[in-house]
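The following pair of complexes shares a single chain, chain A, combined with chain B in the former and chain C in the latter.
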Partner chain A sequence: MLDAINWHSFFFLLFGALTCAFALGVLLSSNVVRMAFYLVISLASTAALFILAGATFVGAMQIMIYVGGTLVLLIFGVMLTAQAAFVSMKTKSSDWVLAALGGGMLLALLVVTALSVPEWRSPTRDAGQVAAVAGDSATQLGWSLVGVRVDKSNQPNALLRNGMSGYLLPFEIISMHLLVVLVGAAYLARTRKKVGVRVVGGVDEADSIPSSSMEVVR
Partner chain B sequence: MNLLTQPVGVSHFLVIGAVMFVTGALCMATKRNALGILMGIELVLNGANINFVAFGSPYLREESLGLDGQLIALFVIVLAAAEAAVALAIALNFYNNHTTIDVDQADELKG
Partner chain C sequence: MADNINRHVLSWLLGGLGFDFPANHWLGILIAALIHCVLVLHVVAVGALVFIWMERKIAGRIQDRLGPTRVGGKFGWLQTLADGLKLITKEDLMPGAADPLLFKLAPYISLSASYTAYLALPFASGWVGREVNTAAFFVLAVLGLEVFGVILAGYASGSKWSLFGGMREAAQVVSYEVPLGLCVIVPVMICGTMNLVTIADMQKGFANNWLIFNDPFTFLLFWVYFTCAMASVNRAPFDLAEAESELVAGFHTEYSGLRWSLFFMAEYGSMFVVSGLAAILFFGGWHGPIPLFQSLAYEMGEVDWRWGGYLANLAGCLNFIIKTVIGVTVMIWVRWTLPRLRIDQVITMCWKYCVPIAAFCFMGALAWQTLGLPTPARVNRTEVRESWSVVRELQKPVAPPEDVKSGRTAQDRDRVESPEAGRQASLSVGSEAAGARSAQTLGGRG
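After this line comes the complex of A and B, so read on.
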């Protein structure tokens, strides 16, 4: 009986179930710290799914950039705003009903669409034979980022041979984009004097700010 | 048992992607914490990424997207990192100015 099990499918089901279960956990939990933790597990399982689909480099980048970078950033955000009142915020039950209705319909539509194409239901190639041909995609990805598509040179289908120019321009654009965005984020998040001075409990907050610190900020 | 013995196809990946997309969209719709909304965005982007990688996978289809699917997934990952940085800066700014992270309170621009 153990021989009949397709282990690729087994691990796909395992990590797929983990991904979906913890994604649902993010949705259903009202505690923001728990949500962050569930998101880490969900995205790490997604990386495993990428690797199972043959995209080993993308899976590694998912773990390094997403789980190691983006989520750490999010968790810092959670910690910086974690006051007792904001850790656990409940959603109204009427909102839940509407969300379940709309989400259920959207999910049913997407699942029916995904299962409706017969060619998509089972792989058209033998996995063992592909593994020998496809090899490691990291080198090909690196070449295509500098503008050379080594994977397309022996593509028999003329339609799929389009786009030989590679991804040099998008790569440059995304580099500049990342630089500008991170400078902008650092500018936005810097500490400065309060803009809209609010009156809380009859005491003007501007009075409580030491004048020396205001001068430093200016 | 049928699922365990049969090899998986593109459809299976698409179903996982659909579940992630829908949970992320509902997260964005129902959460009141601004950081919860950010987490919903991450889930939506990852659901899309699963689809790209599945369509580009050499294991699943004869004439797949090929390397393009993986490259788009990489670009999405990098853009998501940039988006998270800016959105977090905005959320922290909002928290500093209003001493709350509840997006229902963010209605100062309401006409």
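After this line comes the complex of A and C, so read on.
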């Protein structure tokens, strides 16, 4: 009975629906912290889709960078600024129209592209194929960083094969770029020291609360 | 395991009623999955029970008290159960200013993040919820999610104390993920894999094979890892998010009863996970200081269940849990010894000490590996890794080539393997594994 269900498709649809539903939640919610929370679930479901497709490394990366890193900072920033204006945000109708136009065009493009690949139109029931796709993706990624493009090794055209070198150079360029951005951000954010006055790196938050109120609470 | 349940248990119990159970029947798979889930859930739940009792006893001893002595006999070992009963009977309060949805969800987010990390944490060779190829990375990524529950609890409580706690936690955890990641990279680099089962098996034999003794840099690095791990699971001296002396109780000020206890189960669960990760990455995982059970253990790639191998795995699992509990005990010991740091000291500790030391150790360990400087390890790590990858490749279900797409993928894989074919053939273990080729997975014998 249960063998009749294509579990791979079932979980794909489940996580796909979760992603879409909570993405809609981000749109329709008016509280900025709840929006951030819905975005967390949406992005985590995307990570689940990656893992379902056998790309465990990309899935873990998605959790690490987007869910764990970016969104924690986002919520951190949102909590600092979550005043009354952001607790119930009203979207203007002109914004709705513009967003619907832009989003709709992108959606139409993606749907047409996705349907143009014949192999993607209907799910296959081939367990072997799933297993073959769900291979050792992290190892292949590692190989491509050192210049061995596993995915392109059977390219028949020898001229094209030359252009498929590894990812080490782009990786290094991006790393250096990020490092420069980080140093720049640290430079911009640093405390401007006055001569002769010593500034302590971080001020304890509890100090900003009057001591009399602390007495009352206790 | 699902296979055994179907063929032996279910067929024996219900076979008489006219039901038929082939090896991959869904009921057996469901029961096997439930058994694993319940076992791991009990590591979190019963683990928290034991650790809270330990925390009370150790705190008592360090402060020259006895700790709990009455509940449940001599050592007060039922104290946590009494605490739990008290928590269940407490009224479930929510402040009027709270955000109801987020306030109620926050403890579950923390707990499920902590529990998800157990999915990829192996307890012995093959005893793992799901053997993930990138397990070390996955565990780190998922553990980082626990902070979400804390931040949301801080925001949703509608209280200043809680908000301050949540903010501190966010700043602290985002910072400490950097050195923690750097520390995990070094064992991964030495082993050449992120698979935790392989990493632990590459340290088999005597204690000199453990990665912590591999070179002076990994020895130094372990202490950085342990510091960062303590900070990332929000334990004293890094427990600024709940700093009782300043913030009443920080992020969980407004929580009571069972919701409050879920946060603590998550905390103790995460402590166990980071200690377990330390045991696998630096202390050989389930391979003890003295290999008592190595002669009994399963050969690599062996798929049939037998008593000796099961016993060896059980001993390995115990060994792993003992190492992990020692790690947790040290965390408790540190908590009751050191005073809490200030937030600026916490951030300074991270960026001015942990990150540079971890980066230095990374460079040092890299140089040590590249120059081939002497190491006490007597195990051929490369051979272990390569034989594992051969075994796993053989255990994969083979793609039928008739479909155009899968045919291409299979070709790809053959092509990748071909340059390695010579090396693989030279490994005796590889050829043994070829003999043991079977559709069963390694986990199947657990």
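Methods note: the second predicted complex is superposed on the first by the 137 of 218 C-alpha atoms of A that agree within 3 Å, B and C clash if a C-alpha of one lies under 4 Å from a C-alpha of the other, contacts with A are read in each partner's own complex, and residues count from 1 in each chain.
One rule holds for everything that comes next: contacts are C-beta pairs under 8 Å (C-beta built on N, C-alpha and C of every residue); 3 or more make two chains touch, one makes a residue touch a chain.
Only a predicted model underlies this, so the values are computations on that prediction, with no experimental measurement involved.
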Ask   = Taking the superposition as given, does A:146 touch the first partner, chain B, the second, chain C, both, or neither?
value = neither
Ask   = Regarding the shared-chain residue A:63, is it in contact with chain B (first), chain C (second), both, or neither?
value = second
Message = Output check: A:73 vs chain B and chain C. Expected answer is one of first, second, both, neither. What do you get?
response = both
Message = For A:183 in the superposed arrangement: first (chain B), second (chain C), both or neither?
response = neither
Key: Touched partner set for A:95, first chain B, second chain C, both or neither   = first
Task = Quick one: name whichever of chain B and chain C touches more residues of chain A.
result = B
Query = Touching A:168, do we find chain B (first), chain C (second), both, or neither?
reply = neither
Ask   = So, does A:14 touch the first partner chain B, the second partner chain C, both, or neither?
value = neither
Message = On the A-aligned overlay, A:120 touches which partner chain: chain B = first, chain C = second, or both, or neither?
response = first
Key: Those residues of chain A which chain B touches in one complex and chain C touches in the other   = 57, 61, 69, 71, 73, 76, 80, 119, 124, 127, 131, 133, 137, 140, 151
Query = Tell me, which parts of chain B touch chain A in their complex?
reply = 3-16, 18-27, 29-33, 35-36, 38-40, 42-43, 46, 49-50, 53-54, 56-63, 66-71, 73-75, 77-86, 88-93, 95-102
Task = Report the residues of chain C in contact with chain A in the complex, numbered from low to high.
result = 26, 99, 101-102, 105, 132-134, 137-138, 140-142, 144-145, 147-148, 151-152, 154-156, 160, 163-164, 166-168, 170-171, 173-174, 177, 194, 243, 246-248, 342-344, 347-348, 389, 392, 396-400, 403-406, 408-413, 415-416
Remark   = Given the complex, residues on chain A that touch chain C span 1-3, 31, 33-34, 37, 40, 44, 56-57, 59-61, 63-64, 67-69, 71-73, 75-76, 79-80, 82, 119, 124, 126-129, 131-133, 135-140, 150-151, 153-154, 200-206, 209, 217
Remark   = Interface with chain B, chain A side, in the complex: residues 4-6, 8-10, 12-13, 16, 19-20, 23-24, 26-27, 32, 35-36, 39, 42-43, 46, 49-50, 53-55, 57-58, 61-62, 65-66, 69-71, 73-74, 76-78, 80-81, 85-86, 89, 91, 95-96, 99, 102-103, 106-107, 110-111, 113-115, 117, 119-125, 127, 130-131, 133-134, 137, 140-141, 144-145, 149, 151-152, 155, 157, 160, 163, 167, 170, 174, 177-178, 181-182, 184-186, 188-189, 191, 194-196, 198
